[in-house]
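In C-alpha cells below, several structures.
First chain A sits with chain B, and in the next complex the same chain sits with chain C.
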Partner chain A sequence: MDDALARMMELRDDPFQWARGWKERTGSKVLGFFCGYVPEEIIHAAGALPVRITGDNRVTSKSGAHLQSYCCSLARTSLDMALTGDLDFLDGTVFVHTCDTMQRLSDIWRLNACFPFHVDLVLPVRFEGEAALEYMRLELANFRKKVEENIGPVTDAALSESIKLYNRNRELLAELYELRREDPGIMSSDQALWLVASSALIEKSEHNVLLEEVLEGLGGSSGQSDGKVRLFAAGSVMDQYDFLKMVEEVGGTIVDDDFCTGHRYFDAQVPEDGDPIEGIARRLADRGSCPCKYLPSRDRAGRLLDRIEKSGARGAIFFQFKFCDPHSFDYPYIKKALDEAGIPSLHLEIEHDSVSVEQLRTRVEALLEIVRGN
Partner chain B sequence: MTAEERKLYVKIKATEQMKQLMIDYYIDAKAAEGTDKPVCWITSGGPVEFLIAMDVIPVYPENHGAMCGASRMSVELAEVAEKMGFSRDVCSYARGDIGSAITHGGPIGGLPKPDFLLACNNICGTVFKWYQELARYFDVPLFLMDTPFIHKVKTEHATDYVRKQCLELVSFLEEQTGKIFSEERFAKVALLSVEAVELWKQVLETAEHRPSPFTCFDAFIHMAPIVTLRGKQEVVDYYELLRDEMLQRIEDGVSAVPEEKFRLIWDNIPIWYEMRNLGNLFASNNACLVADTYTNAWAVDIRIDDPLTSMADAYMKVYLNISIDLMVEQLLNLMERYDADGLVMHSNRSCKPYSLGQYDLAREVTEKTGKPVLIIEADMTDSRVYSEAQVRERVEAFIESLG
Partner chain C sequence: MPVTGVDIGSLTAKAVILDGGKIIGKSLVMTGHNSRVAGRKALDLALLDAGVEEGGLERIIVTGYGRHSADFSSENITEITCHARGARATHPEARTVIDLGGQDSKAIAIDENGRVVDFVMNDKCAAGTGRFLEVMAGALEVELDDLGGISLRSESPAPVSSTCTVFAESEVVSRVAEGVSKVDIIAGIHQAIASRIYAMSVRIPVNERIIITGGVARNIGVVRALEKRFETEIIVPEMPQHIGALGAALIAAERTGSEN
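This part shows the complex of A and B:
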C-alpha cells in the first residue's frame, strides 16, 4: 500500500481525529452535519470545517431516553455520541430536512445536545419546477446568512474558491471510481468507500492533496480482484467497513454504488461561472438523488440499472439501516426492475448497535453463488 | 355491546346522520370509478378545497385505513404489501392501502381507482413515498404539495413557495379535468370549509365543560366528515347538529363518561383496532379523554381576503409540521384549556413524525404542569405489535396514580 493510502486508512479507526487535530492547530470552528445535501462549500468559505456524522457501532446508553427503538440506528447512535460527549469538539450542527426521523432528530438535538450553533436548512422535497428551485436558492441564501452571523463572513470570492476546491475533490473521486470500474483490483471496495467518506471529515484542500497522491501511487492492478464478482451496492450511509472487507473475502467486490457517502457524494459539479448560490442549487438538483427527494421526471431504478450495466456489476446489494422509511419504500420497485433485468440482488438491513458481519456472510456467499451460476 | 358497556356510553344521536353522510360519500365515490367524474386520492392534510371546487371526488386512503383498522382487517391487507417486499417497519396505513389497492380487500371492497393523486407532506415524508408507489401501481400522475417544515420560525419564502404550488396545483387540476378553475367557486368552497372547521372547533370545545359531553374517542369517529368533505354544505349542517347535541348535553347535565373523575389528553393517531376496548377501559376507571392532538389537526384558519396565502400558512402550520418546542406550546395549551389531569401518548411505530420526540414532550409537559404522562407502545392499525394485557395493566396503574 502506498504511503498516502496507508495514511488515509489509519484515520478510519478514529474518524474525527483529523478534525480535532485541525481545530487545535487552527483554532477554527468545526460543524457537524448528517446529510449529503448540506452545501459544505458555504461552511468551508466561512473558514469552518464541516464534518459528517454517520452514527457509530455502539450500544447506546443515553439516546434511549429520547428516541424509541423503532428509530433508525443512524439517528439513535449519533444522538448517543452527542449526549455522551464524544462530539464535544463540535461548535455546531447543521441539519437538512431529509426524512421524518432527521427532522425530529434536529429538534431533539437542539433541545438536548446544546452545541453553540444549530441551524436547520429546510431544503425542498420537490427538486423540479421553478417554484421549488427558487425556494431552494432562497433557503440556501438564508443558510449562508446564518453561517455569516454565527461563524464568519462568506465572501463571493471565498465561496468561489471553495467551490473550485470541492469540484476538484469530486473530480478526483470520480476518477477513482472510473479507475476501479476499469480494474477493481487497484484497491478494495472498503478502501475506496473510505476515500469518499473521509472527504467529508478532512479539510478539502488537504484531502485533495492526499487523493492526488493516492491516485498517482496506484501502480496498476494488485491482482487482488482476479476472479472476483463485480457487485453494485445501494443504500444511504455506508460506514460498515468490516462488512465491505467480508464481501471482498468471500469473493465479491463493489465496483460502483449509490450510497450518499459514496457516488452520490461526488456526483455532479457546481458551475464555476455565475452566481455561486445558484450554482450550488443547480448541483443539488442535478446530482444522483436520495429517495427523500421528488424528481418526477427521473426514474431512479432506470438510472441505477444504467450504472450497473456500465460498471459491469453482475449482482447488487441493497444495504440499508433498519427503520429507514425512504429506502424501504423504494426497495420493492427497484428490486423488481433489477429482477426484470436479470440482476440478482440481496437486501440487508442492519442496526449500528447489533452489527454481525458473520451472520451476513452466508447471505453474501449465497448471492455470489447465484451470480456465478448465471 | 354488553349491558355493562352500555352503561358506559351515552349514544350520540347525530352518529346516524354521520354514518349516512359517509355511506353516501363512499357510494358516490365508488360509483364514480370508470365514469367521467374524476377521482383523486388525497392525504389527510392535503388542500381538498381545490378538489371540491373543481368537482373532483376526493378519496382518503388514511380514512379508509382507519376503517380497515377499526374493522380489524388491516393486518391481512398489510401482509399483501409485505409479500411484495414492503418492510413491516413502514407505515401500516401505507401497507394496508397498497394491499387493498391490489386485492380490493377491506370493509368496503377497496377504494375507487384514482385518476390522479395529491400528496401533501405536511403530515409526513412517508405520504410522498407511499403516493409515489401508488402513482407507479395505478400509472396515474401525482402532484406533490411540498410544505417546508417549521423549525421554530416560518420563513416568508416558504409561504411563497407553498402559495406558488397552490397555483401549480390549479393548473394541474385544470389539465387533469379539462375544466377551468373558478376563483368565485373556490372562494365559496373555502368559506364553507372555514365554516365547517369553525363548527368542528366548537364541537371539540364542548369537552372543556366539566363533566365533558364528548370524548376524544367520539372525536375520532366524528372527524370523518371534516377530513373528507370539508368545503361542502352538508358538512356544515352536520357539525351544527352535532354541536347542538353536545350543548344540549351540557344543559341537561349529561356526561360522556358517567362518573367523570379524571380528565386526560390523548396524543397521536388512535389505535383503531382497539378503540372500543380502550374507551371502555378508561370509562370504567372514570377517566374521560377530553381532547387530543390529532383531531385538532384540522382546526386551521383560512382567511377569505387572501385565501391562497392564508391557506399556504395554514397547511404549513399543522401540528405534525412544526418543531417539538412549538408542539409543547400546543400541548400545554390543551392541558390548560381542558383542565387535564394527565396526558396519554400513543407511541406509534407507524408514525415517526408523530412519535419521535414524545419522550422529550412528555418530560416537558410534566415539568411545566406537574401532571403525569403515560406512554403506550402500539401501532395505529397493525395489531400484531399490540399487547392488550400490558396496556390494560399500565393504564390501570396510571389512573390509580392520579389519585
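This part shows the complex of A and C:
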C-alpha cells in the first residue's frame, strides 16, 4: 500500500484524532455535523473545521434515557458519544432537518449535550422551483450570519476560496470513483469509502493534498479485484468497514454507491462565478438527492439504474440502519425498478450497537451466488 | 463416482451421498457446540450408511451455518442456494421454499430451474425457528415431537401475540395460569409462528407451489397453520431436514458432471 493511503487508513481507527490534533495546533474551532446538506464551505470560510459525526459501534450507556427505542442507531450512538464526553473537543453542532429523528435529536442535543454553538438549518423538502431556491438562499445567508456571530467573519473572498477547495476535493473524489469503475482492483471498497468519509473529518486543503498523493500513487491494478463481482450499494451513512471488508472477502466489490458518506457527498459542484451563497444552494439542489428531499422531476430509481449500468454492477446492496424511515420509504419503489431491470439485490438492516457481520455474510454470499447464476 | 453434500446447521448436521443421481447414504447428527466435529461425524455416518470410503468421493460441498468450519470441503455454498436446488429436485413444481431451521427462518423464491431469484431471512429473531419451538415445548412440558399432533386437536387456539421467544414464553406462562388448555396454547403458538413467517415471506414474490424444509417441517401443526395463512396447500418433502444437504450434493454432482 502506498504511503498516503496507508497514512489515511491509520486514521480510521480513531476518526476524530485528526480534528483534535488540528484544534490543538491551531486553536481554532471545530463544529460537528450530521448531514451532507450542511454547507461546510461557510464553516470552513470562518476558519473552523467541520467534522461529520456518523455514530459509533458501541453499546450505549447514556443516550437510552433520552431517545425512544425506534430511533436509529446513528442518533442513539452519536448522542451517547456526546453525553459520555467523547465529543468534548467540539465547539458546536449543526443540524439539518432531514428526518424526524434528526429534528428531535437536535432539541435533545441542545438541551443535554450543551455545546456553546448550536444551529438548526431548515432546508426546503422540495428542492425544485425558484421559491425553493430563494428560500434556500435566505436560510443559508442566515446560517452564514450565525456562523459569523459565533465563530468568525465569513468574507466573500474567504468563501470563494473555500468553495474552490471543496470543489477540488469533490473533483478528486469523483476521479477516484471513475478510476475504480475502470479497475476496482486499485483499492478495496472499504478503502475507497473511507477516503470519502475522511474528507468530512480532515481540513479540506490537507485532505486534497493527501488525495492527490493517493491518486498519484495508484500505480495500477493490484489485481485484488480479479474475478470479483461488481456491486452497487445504497443507503445513508456507510461507516461499517468490517462489513465492506467482508463483502470483499466473499468475492464482491462495491464499484459505485449512493451513500451520503459516499457518492452523494461529492456529487455536483458549486459554481465558482456569481453569488457564493446562491452557488451553494444550487449545488445542494443539484446533487444526488437523499430520500428526505423531494425533486418532482427527478426519478431517483432511474438515476440509480443508470449508475448501476455505468459501473457494470451486477447486483445491489441496500444497506440501511434499522428504523430509518426515509430510506425504508424509498426502498420498495427502487427495489421494484431493480427487479424489473433484472438486477438482483439484497436489503440489509443493521445497527451500530449490535453489528454482526457474520450474520450478514450468508446473505451477501447468497446474493453473489444469485448473480453468478447459482 | 459418488458426491456428497453436508449441511451443518445450528442444531443438526446432515449429510447426503449421491451416486448416479441416487441417494446411497445419509445421516443426521446433533451439532452441539462444535460444528467442525459435527460435520465430520455427519460425513462419517453417511459414508458408513453408503458403504463407501471417503477417498471414493469425488466432491464434497458443505453448506449451512457451520460450513466455514468444515476441513473436508471441496467448496462452500450457502444454504439458500442449496435448499433451492434440493427442493427443485424432490418437487420440481415448487417456486417458493420456506426453510425453518434451528436458528434461521428463510423464504426463497426460485425459478423453474431451481435457481434462487430472491430471498429473505429472519433478522436476530428466533421466532418461527426450531429453537423457538424447543423453548415453548419446555415451558409446556411437552415433547418437541408431540407439539404438532397435539395442536391439531384444538378447536379454539389461544391468541399468542408476541413473536419474540422471550416474551412469547412469558405470555404462554400467563395463558397456563389462566387455565387455558395446552392444546389451545400450542395451536396458538403455531398460529403466531405462521403469521410471523407469512409477514417475512411476502417481502419476496411468493408463488405456488410452496415447499417447506428444515426441522420445523416435521411439526404438522406449524405446516397446517402456514397453509391457513398462505391459503394454499404446502408440500412437505419426505426428508425435510436433508433438503439442504441434498441440494449441496446435487450441485457437487453438477460441478463434476457425474449427474445421471
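In this section, the second predicted complex is superposed on the first by the 373 of 374 C-alpha atoms of A that agree within 3 Å, B and C clash if a C-alpha of one lies under 4 Å from a C-alpha of the other, contacts with A are read in each partner's own complex, and residues count from 1 in each chain.
In this text, contacts are C-beta pairs under 8 Å (C-beta built on N, C-alpha and C of every residue); 3 or more make two chains touch, one makes a residue touch a chain.
From a predicted model like this one, the values you see are computed outputs, not experimental measurements.
Novice: After lining up the shared chain so the two structures overlap, which partner does A:Leu74 touch, if you call chain B first and chain C second: first, second, both or neither?
Specialist: neither
Novice: Between chain B (first) and chain C (second), which, if any, makes contact with A:Ser356: first, second, both or neither?
Specialist: second
Novice: Looking at chain A, which partner touches more of its residues: chain C or chain B?
Specialist: B
Novice: Considering only touches as defined above, state whether A:Val247 meets chain B (first), chain C (second), both or neither.
Specialist: neither
Novice: Should A:Asp107 be classified as contacting the first partner (chain B), the second (chain C), both, or neither?
Specialist: Only chain B is touched by A:Asp107; chain C is not.
Novice: Tell me the contact category for A:Glu365 with respect to chain B and chain C: first, second, both or neither.
Specialist: second
Novice: Scan A:Tyr331 for contacts with chain B and chain C and give back first, second, both or neither.
Specialist: In the superposed model, A:Tyr331 contacts chain B only, not chain C.
Novice: For A:Val229, select first, second, both or neither according to whether it touches chain B, chain C, the two together, or no partner.
Specialist: In the superposed model, A:Val229 contacts neither chain B nor chain C.
Novice: Figure out whether A:Met8 sits in contact with chain B (first) or chain C (second), or with both, or with neither.
Specialist: A:Met8: touches no partner chain.
Novice: Give one of first, second, both or neither to describe whether A:Ile277 is in contact with chain B, with chain C, with both, or with none.
Specialist: neither
Novice: Can you give me the overlap between the chain B contact set and the chain C contact set on chain A?
Specialist: Correct list for chain A: 349.
Novice: In the complex formed with chain C, which residues of chain A make contact?
Specialist: Interface residues on the chain A side: 339, 344, 349, 354, 356, 359, 362-363, 365-366, 369-370, 373-374.
Novice: Provide the residue numbers of chain C that touch chain A in the complex, in ascending order.
Specialist: Interface residues on the chain C side: 65, 77-81, 84-85, 114-119, 121, 123-124, 251.
Novice: Within their complex, state which residues of chain B touch chain A.
Specialist: 84-87, 89-91, 94, 121, 124-126, 128-130, 132-133, 136, 142, 144, 146, 148-149, 151, 155, 157-158, 160-161, 164-165, 168, 323-325, 347, 349, 352-353, 355-360, 377
Novice: Mind pulling up the chain A residues that touch chain B in the complex?
Specialist: 65-68, 70-71, 75, 97, 99-101, 103-108, 111-112, 120, 122, 124-126, 129, 131-132, 134-135, 138-139, 142, 291-292, 294, 296, 322-323, 325-326, 328-333, 335, 347, 349
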